[in-house]
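In the two complexes that follow, subunit A is the common piece, with subunit B as its partner first and subunit C second.
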Partner chain A sequence: MTMKWLAVSHYFCPVNENTHLPPLDAAVKSTCREPFRRVDRFIQLALLGSARCVQDRILSPDCGIYIGSGLGPIGNNIETQQQLIRDGEIPKPFNFINTLGASACFYVAKNLSLNGQNYFISRRRGSLQAVLSAATVDLSLRTIRQALVGVVEEVVFPVSEHRLRQGLRDDVALAEGSHWFLLQADESGSRSMVTKRFVEYGALEVFLKSVWCVGDRLCCASMMGKTEADNIQSCYSVESMSDQFSAFHDSLEAAWLASCMMSHEKGKIFLIDGDSERGWSLFYFGS
Partner chain B sequence: MAVDREQLKLELKKLIVTECQKDLRPELIPDDAILFGSGSIYALDSLDALQIALAVKQHYGKRIDGGNQTRMALSCVDSLADFILLDKTD
Partner chain C sequence: MPGAYIRGMSLNCALGEDVGSCVSAMKQRLVQTVTLTLNDFNEPLRMPYYRMNDSSELFDPRRYECLIPSVARAAVIQAGLSRDEIRKLPLFIGSSSFSIGLSELSYAKALAQHPQNAIPMPLCGYQDIAVILQQGLGCKGEIYTYNTACTASANALLGALNMIDIGVYRHALVIGVEMINRTSLSGFLGLQILAKTIQPFDLWRQGIVLGEGIGAVVLSADSNSVTRMRVIGGANNCDTWSITTANTDGHSTAIAMRLALKRAGIQPHHTCGIKAHGTATRAGDMAEARGLHHVFENLPPITVLKPYLGHTLGACCLNELVLYAGTLLSGFIPATPGFETPDPVLDLHPLTVEISAPNGHYLLNHFGFAGNNTVLVVEKTA
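Right after this comes the complex of A and B.
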């Protein structure tokens, strides 16, 4: 399936014990098309990223929204659980409503006046692939003509507890981010995005060899089978996401992809994911 | 006591602005301004009422239930302050 990518946005903010999360209120207010209240940080991140990606474009009203996240709106979930379990109280309504990741989808749709497909998918270490795949299916079926695909991760203070929840070492810095891609069912011109599925790893390898050029960039998703990832690493100039982003983020693939696309360097960008059980997915983006 | 009451009203205005995420300066809310309903310029609704009621319980230990008398406490900042100070002034 070939389609076109129209725009991309990338917000990535490293966080550690000695930093404070930058307030997003002013940025959200100045970027969004209407003022919002009853929103939490996760929704603010989604609003900010999606609005920066779309900018002044008028989207097709049936444009689909696909938000992925490894952790989802974890801040609100923690607060709600504390109100319920620790304090023995009824949770506050704004906290309770926003425990659903789909709340972010609602606000993004409202801001951009969209009424198409609207999905929130939570998948640890693989949310980008999940939302890209879902959007690709809907675009290929012509259910929608455009898809706004985003990946959002928030960090909750104290950082030490956030690390504990994710099973990360004490010396690992963390980051939150919001990375967005606007796609369109259109096979013409530049800025193409191709997705391919392979049952056998061998077929993926053959295809990759046939399209690979010097200057292309490639990255193996963190959920990819290790043997095959090692094999690809030995054959191609594979970029390490952790080298580029010193702080941990549950969706580093999204951060890597968005930053590559925004760098405007020549060459294709490949993202590979899969294993022998799930099969293999290849996403590649042409400039 | 009068100073405490003024302080409390300012705290309540800040609480309303923070809890309801209203983009306005707390000190500009008049003490007797109607907070809810069509006659209010603040456009707060039943969800805001529940949010404020739970915040009041959390901060002041006073429960605003569904009864008419306690519900009236949410009419304006003045009545909310009266409600919170009710037992304390007995």
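Right after this comes the complex of A and C.
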């Protein structure tokens, strides 16, 4: 499956005990095409990232929206659960509705005046790969001409509790972010984007050898099979996502990829994921 | 030929614990709700509810590990997949609430024992159902979890269908799960759209009655000896008119229906029947009825299944797809209990008696919060 990428955006904000989460109201207001009330932080992150990616482009009316996230709108879910379990109150309607991941999709669609297909998909420690796979299949089937793909993760204070929820150690760094990619069903010209699936690792290896060039950047996903990741590491100059984006635990692939695409001028960027049971996915982005 | 076969399917809902018993109970109109009383709110909540018929306490957390894999296993067994195929089976899961019920129970327990250390949302994310399924079935394929309100399992099915269509997978397990939880019960109460009984498209309709259920389908590029149903197309769109309902002019619901029919390669007049979403809310039924009138010059027989099993939210597509397929394969299109007095504004008349179900194409509607509309087209073959 070959298509092209048109734009990318990258919002990444490390968070620790001594910092405050930066308010997003002003940034959202200045970036979005219309003002929104009753939106929580997760929705704000989605609005901000998607608007920065699209900027003033005119999108195809059938452009699909795909939001991935490991934890989803966790802040609003916490507030809602406290309302009903701790306080014995009926949740407020907008709190209840915004517990759904899809509410962020709604506001992104409304801001960009899009009425095409619209999905919220999660895969723990692999949400980028899940939404990219779903979007590229739809682009290949030509059910859509463009896809706006985003991965959003929110951090909630106190960060010690946020770590506990995820089973992370006390000293682990945290970050929130919103990373977006605008893709198009178009095989011509530069900025190509290719996804390939392989049942066998050997076939992936052969293919990778045929397309890899010196200067390309490559990363193995955090959940990739260890033996094969070690093998790739011994053959290619593999970057470690965790060095740069370890704080973005659930979706560090999205942070790494968006950051690479925004800074990389020449060569291709490869992301590999899979194991012998799941099969192998290769995503690569040309400059 | 585009589309994918339903190679195995199963269901556990208020009607029964398998497809056969559900269809049988439906034929006899054995529609049952329980009355829930929740005393842990400042003002006790009382409401009717469609619960699954297991013997456990309704809020027993062990029901997740007991009931969910059992439904999935039944679908996988019927599909006749090899051990290797099961191990590599990708999971497409749709739910509104995922494991929020477990998270609530865990938080409530912590508050009672150590209130200073209690952490809200102790279980977060969407992976718990997938983990339960993988452990229960021994499958280790890719996971896709959809959280798009009442269309969640419809979108999970559409995602699996597209991936099979393009050759990414040969088989996929699609599952819709909705288990009782306080967030959904109190949230819908707060929205003031709960009713005592479901009366879809009726003049006196007042809203929804919630329910729980688990539906599973093994979707496959290959048929087997029991396969007589195919999913042949579908479409999703987003209506930004309101976050709680599709535009009541029926514009966006009609677009989703037309697109689904187009992708399935059939004309509206080739449709043998429609499984309507039919939430029985004032606005929801209006948006759907007007959409149907935009698309169909002559409406095919319409059925709403929510009066049988309640509104099972994110799982409603899978639950209702399996139930509808079960009735079609048993030779009939079911009637819609609760519909008595036509609403002249809607001008829609769901079946009040069952009729025979011919082979052919059937349309299934699903509309949810966040403006999410998903329509599927299935084919019953000889």
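Assume the second predicted complex is superposed on the first by the 283 of 287 C-alpha atoms of A that agree within 3 Å, B and C clash if a C-alpha of one lies under 4 Å from a C-alpha of the other, contacts with A are read in each partner's own complex, and residues count from 1 in each chain.
One rule holds in what follows: contacts are C-beta pairs under 8 Å (C-beta built on N, C-alpha and C of every residue); 3 or more make two chains touch, one makes a residue touch a chain.
Small disclaimer: the values here were computed from a predicted structure and weren't measured.
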item	value
Which superposed partner A:Arg278 touches (first subunit B, second subunit C, both, neither)	second
Touching partner for A:Cys53 - first (subunit B), second (subunit C), both, neither	neither
Subunit B versus subunit C as contact partner of A:Val39, first or second or both or neither	first
Which of subunit B and subunit C A:Leu128 touches, first, second, both or neither	neither
Broader residue contact with subunit A after superposition on the shared chain, subunit B or subunit C	C
First (subunit B), second (subunit C), both or neither touched by A:Thr80	second
Which superposed partner A:Leu182 touches (first subunit B, second subunit C, both, neither)	neither
Touched partner set for A:Cys63, first subunit B, second subunit C, both or neither	neither
Touched partner set for A:Ser103, first subunit B, second subunit C, both or neither	second
Overlapping contact positions on subunit A, where the subunit C interface meets the subunit B interface	87, 89-93
Touching residues (chain side subunit A, partner subunit B) in the complex	29, 35, 37-39, 87, 89-94
Partner subunit A, residues of subunit C touching it in the complex	40-42, 87-88, 90, 96, 100, 103-104, 107-108, 111, 118-127, 130, 140-149, 155, 159, 162-163, 165-166, 168, 182-183, 186-191, 235-240, 243-244, 252, 255, 263, 368-372
Contacting residues of subunit A [partner subunit C, same complex]	1, 65, 70-72, 74, 77-78, 80-82, 84-93, 96-97, 99-103, 105-106, 109-110, 113-124, 126, 130, 133-134, 137-138, 140-141, 143, 161, 164-166, 197, 250, 275, 277-279
Interfacial residue positions of subunit B with respect to subunit A in the complex	19-23, 47, 50-51, 54-55, 57-58
